[in-house]
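Two complexes are shown next, each including chain A; its partner changes from chain B in the first to chain C in the second.
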Partner chain A sequence: MEAVVPKLASFNLLNPKSKSKSAIRRFSSALCVSSSPSVTSTDSVSLGHITRPDFPILHQEVYGSKKLVYLDNAATSQKPIAVLKALQNYYEAYNSNVHRGIHFLSAKATDEYELARKKVAAFINASDSGEIVFTKNATEAINLVAYSWGLSNLKSGDEVILTVAEHHSAIVPWQLVAQKTGANLKFLNLNDDESPDLDKLKEMLSRKTKLVVIHHISNMLASILPIEEIVHWSHDVGAKVLVDACQSVPHMVVDVQGLDADFLVASSHKMCGPTGIGFLFGKSDLLSAMPPFLGGGEMISDVFLDHSTFADPPSRFEAGTPAIGEAIGLGAAIDYLSTIGMQKIHAYEMELAKYLYENLLSIPNIRIYGPKPSEHVQRAALCSFNVENIHPTDIATLLDQQYGVATRSGHHCAQPLHRYLGVNASARASLHFYNTKEDVDEFIHALNETVSFFNVFK
Partner chain B sequence: MSLKLSSTLNTSRRSFSPPLFFSNVKRTPISNIRIPRNRSVKSFTCVHERNPEPIATTSTKLQLLVSEFDSLTEPIDRVKRLLDYAAVLPGLDESGRVQAKKVAGCATQVWLEVVMDERGRMRFRADSDSEISKGFCSCLIMVLDGAEPEEVLGFKTEDLTEMNVGVGVSHVGIKAGASRVNTWQNVLLAMQKRTRCLVMKREGKVFAGCNCFN
Partner chain C sequence: MASSSISSCLRLFTTRSFLSPKPRKNLSFFYKPTSFAKNPLSKSLVAVSSSTSTSPIQPVEDLPPKLQEIVQLFQSVQEPKAKYEQLLFYGKSLKPLDTRFKTRENKVEGCVSQVWVRAYLDDQKNVVYEADSDSVLTKGLAALLVQGLSNRPVEEIVKVTPDFVVLLGLQQSLTPSRNNGFLNMLKLMQKKAVELVFESEKAGGSVEGSNLGSKNSKNLTLERKGDGVGGLESKVESSSQVGSGKNLTLEMEGDSGAGDNGSNSGGLGSRGMRIRDKLEKELRPVVLEVEDISYQHAGHAGVRGSDGETHFNVKIVSKEFEGKSLVKRHRLIYDLLQEELQNGLHALSIVARTPSEV
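Moving on to the complex of A and B:
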């Protein structure tokens, strides 16, 4: 995968005639204020230590006296001051409806909103910002593809390949659309290493396959898939690929041109941005051919009583007043991440991932799901696990209430995967670049004591 | 069943009645009930009582429970107490741990059995794959077992927040109702729904949405 480190100057390249140059200059100066971390980390000071001060929420005690150790990042990430400031600044200084306003505030809001779109495009190396559709979140983005592309491209007998490890948001919309179109859903199982069986995928792909829906990083297994190869095999049989990048965009360099993905989705709230905004990347020619998803204002060209004509993408798919402040907040999050550098974030998280996995193995009777890390197999910085004879919810409850360690327990929106693995639920600890090895140490210590506690009661 | 209750839930000295559903269990003041130090309840003694009358009302039992948990400030002590309660819950055998008796919406698996006894009082049995959830169920059953249907139906979720031991409850006392994983609320709602169903059935009516689990 090519490394992409977006620079602020590249915004000019995307649209040289843009009137938003002054906006770019304002953002450049805004970026210099307080909240950019100094990322020249030394061996003794990790990226986690350097960035932690930027996240006010991490510095608190829960239940009166327990220092918070936040390890639920796969569920949602925390937000740096820069993002909080961007949101506040939007509502304080220039909140206004976008696109059709005439006045000063509206023009400014429109500029910043569209600048945020450009930032997203640059962040994932899309060739044009018109390939970025803002949605409420990745779930809505997948539904957009399902109802817009799916309903008009799938017919009876066509196949959509997914994996048993997909998030519910990547499964349910396709079930609904398959029912309407008569298309068949085929599910790829896991191999012995508890990662999607890519050899089997090659066998499953055929001329009947119209779409492959697949995660880049699994929110439960921590597997990292070779999307570039998967796209290549899929295109060979004429199938499109929808990549669920919710767990990858926040943690590593993702280059949609390098991957040649047809569709890619992600959510802002998992990448240090606010909730309420996410995006769909779609190749221009695909989006241009797709009918509208939601109808309403903004997405139209002309409206008559008996019919309407529609705007070009991306507006065609953005009905109603968008989450303007949130999009701008996402732009600020991207600025923050880009200042650190996604390669740096990825490298640090790979260290943390290894540290977490190795330390978890020391817990007696633990079962960690997903592939074993090795020279050739990397895991993301998360571990779903079970400890024999102790319910994961009991573990998570005590970790939280007695030790202030925030983890998750349940099916992590992956019921089919849990059923496949033969368990009802699992516990999960998931890290982000503002976590430290000390966080992992505290988690392991708390988990050891929790396990001992429940074993005594048994 | 023959049960030997041989340990103490050693907090409040107020009198306390074990769940009436355990119809063969001697009603013993809370201070005289002992649980072995290793927390495993091996057996229970029982004294058969005919037509047991409830000593305390639902409201009184709730207050006793609230004050019991209130006295425990450390989360680990509240969890320990929940596990004590879990230990005295008879649970369900394999035939009871079935899909039809499952309580929807819990993060853990919880099975609930609801019957109306010959005097029209509600009787509850429950089980879970999680010890803490079992503890919750045990507490709820201690408060509501043997109650009139109207008492069960009138019990509000807000009453549970006083117990302040749920998953996702902070010391600030924020309502424990909103989270999807709130076992208290889900189990109580299931108890109420099935109670409503049995009341309607008794009256010869059909309650929409009733699956009549028993």
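Moving on to the complex of A and C:
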């Protein structure tokens, strides 16, 4: 168990003040599940090998006989047993509506729900759990900022800077709000290395800029942006920053205080948690000044016929019965990830990213999008690509049918980016810490054969 | 194994030519009110939309012969990879579609890849298809449809449901989004077939109607509307744009949904007046309303170059229509207005009733 001890430091939930013995129980059960061999990785036993047993879904065959190789993690991640158990346990043992109840079950449910909120806050190093608003997903969180903060802070002539590489969820809500407020959206292009042009960003920032909406890691380009600097430049001109951390929170340490981000969003389902829950981080003073987004129960203080008064954040932005079980499931996912340690996950994935990229380059006539990895430039563990003269959908179909390799083909919710790059669609393979080098090997092998198959028919 | 399946495919190609022009004996069914009322068009379109429900799949025997052949061929090939090769081989048989046919009207909705389908009538008035796609697997699927449906009578084409794709053994190999593309491909081809045939009837000769040009033609709506008008119960809207020759927009309305056209004898230009006069003289109508709606079609390529008065709504109630099917009534009106049609009149939207039907 010695090897495990250093990990306790990253699991900052475990302090003497934490009242719940159940947290400790959960922690140790998660520990047992995830660390039967030694947790420190050796050459032969990687983090992927160690954690795979925790994910039942990965151990299956598709189309009768083909072992599943799941490489679509940027779309959604798989869930470890600990999370599945937490969900089941919630519904079996203490499901009850939160915040209002008096009885035993509802007190317990409320405790666990609020504990989950604390876990999220601790996970991203927010100063207070009141800065975490639970939403349905990251898309809803962005819409929350757009409709609540945006409508009351943007006026005609104001500018919002985004990049051409943003996910649709980061673009469309701002289009809608810009229409209503008369604000202008400005889009940052890519540089020659196919990464957002940060020099240009500095030029675009002005006193007219009120908000910068930017991804931390691009789900197509695999670029990783220096958010701390971007926030710094933005604050210099008086602009706020909304960070889309959907692809970063699951894969690396994200520290909102270190980044000084004003808003940050992420989805549970991309970080080994259940679907149906996500969160918005917002600085306390910002959230306090924001009007409600959705109206209903929970977010009110007093309700009269002709008007209502509203609760403080975060409740102000959580109308109706929340996804209680799912929030608790997210908490369990955070426990699981923290047990392993985000630094460890990040280090392993960087290895895998390099391995994936280098091997992909060996495919004839392949074009991988995004920056080239180097000493100074790191890529996330995903690659969007096209092979000359072969439609990405054809590739993805055959990879799936013939080899059981799950990848994605299409525009990955980034149509503007594809248009910018001059392609209709691309294929994408994306990894997570439970993938192994063998997964990558199988993918490359399958891709080689697939490309040959189609080339024969040219 | 691949080569043997390809050669067996080739054998099938040579022994049975799929380019067997059949005489068009079958369009007469359009003129029989009763058979039109039961027309398979609306039924099959309903079937198409519910094909994914629990209804049994369409029997193979109902498919056009070429399609039956294709189904049998795919069923004889067991291995999935060989099926793909088969599919790709079919795709290769499609000649590339000329860029000018890669229009919005020819693009199949709901496809992850880009697919275009073009349809035209050949000398024997058979519907001929061409298709193209940037994805070779989708091209293969398109090729199956092109070969299976080309040169078949339109009633046969519209009866086909996408069920047969299950029989190919490819369905589980195709993602839902690809399947939807397949369904939409089939629907588009069926729609084009119907439109081509209708408009060729109107023109009375062989017509090349490749693109659906008019922005005004929306989806083909085939609705069964039962009402007191014994006989024709379907409303079909089709339009086509032709490079040369006649442009005809045909709208047939057989139900009471005509709405308020309003009496509009004032504000008619010379052609409008001529139409009125002709119809009044020949049909002695009880009610006659002629409305110039050319402005709605301004900018429509067929209209450019003419000086207006190209599109009209006509509502006419006359005893002359008694005992005549709707199609005969419309025919009657068109015959009377032949001269106008030769000289720039593009479209008539006709509501033709007998006094007892009003």
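As a working rule, the second predicted complex is superposed on the first by the 420 of 458 C-alpha atoms of A that agree within 3 Å, B and C clash if a C-alpha of one lies under 4 Å from a C-alpha of the other, contacts with A are read in each partner's own complex, and residues count from 1 in each chain.
Methods note: a contact is a pair of C-beta atoms (placed from the backbone, for glycine too) under 8 Å apart; a residue touches a chain by one contact, two chains touch by 3 or more.
This structure is a prediction, so every number in the text was calculated from the model and none was measured.
Enquirer: Please determine, from the superposition on chain A, whether chain B and chain C clash or fit.
Expert: clash
Enquirer: With both complexes overlaid on chain A, does A:62 touch chain B (first), chain C (second), both or neither?
Expert: first
Enquirer: Regarding the shared-chain residue A:397, is it in contact with chain B (first), chain C (second), both, or neither?
Expert: In the superposition, A:397 contacts both chain B and chain C.
Enquirer: I'd like to know which partner A:193 touches here: chain B for first, chain C for second, both or neither.
Expert: Neither partner.
Enquirer: When the two structures are overlaid on chain A, which partner does A:424 contact: first (chain B), second (chain C), both, or neither?
Expert: Touch partners of A:424: chain B and chain C.
Enquirer: Of all the chain A residues, which ones make contact with chain B and with chain C?
Expert: Comparing the two interfaces on chain A, one with chain B and one with chain C, the shared residues are 63, 391, 393-394, 397-398, 401-402, 409-410, 424-425, 453-454, 457.
Enquirer: Using the touch rule from the top, collect the residues of chain A that touch chain C in their complex.
Expert: Answer in residue numbers: 63, 390-391, 393-394, 397-398, 400-402, 409-410, 424-425, 453-454, 457.
Enquirer: Under the definition above, what is the set of chain A residues touching chain B in their complex?
Expert: Against chain B, chain A makes touches at 62-64, 391, 393-394, 397-398, 401-402, 409-410, 424-425, 453-454, 456-458.
Enquirer: Okay, in this complex, where on chain B does chain A touch?
Expert: Chain B residues touching chain A: 38-40, 74-76, 78-80, 83, 87, 107-109, 129-133, 167, 170-171, 181.
Enquirer: What residues of chain C sit close enough to touch chain A in their complex?
Expert: Contact set of chain C toward chain A: 80-81, 84-85, 88-89, 91-92, 112-114, 134-138, 172-175, 178.
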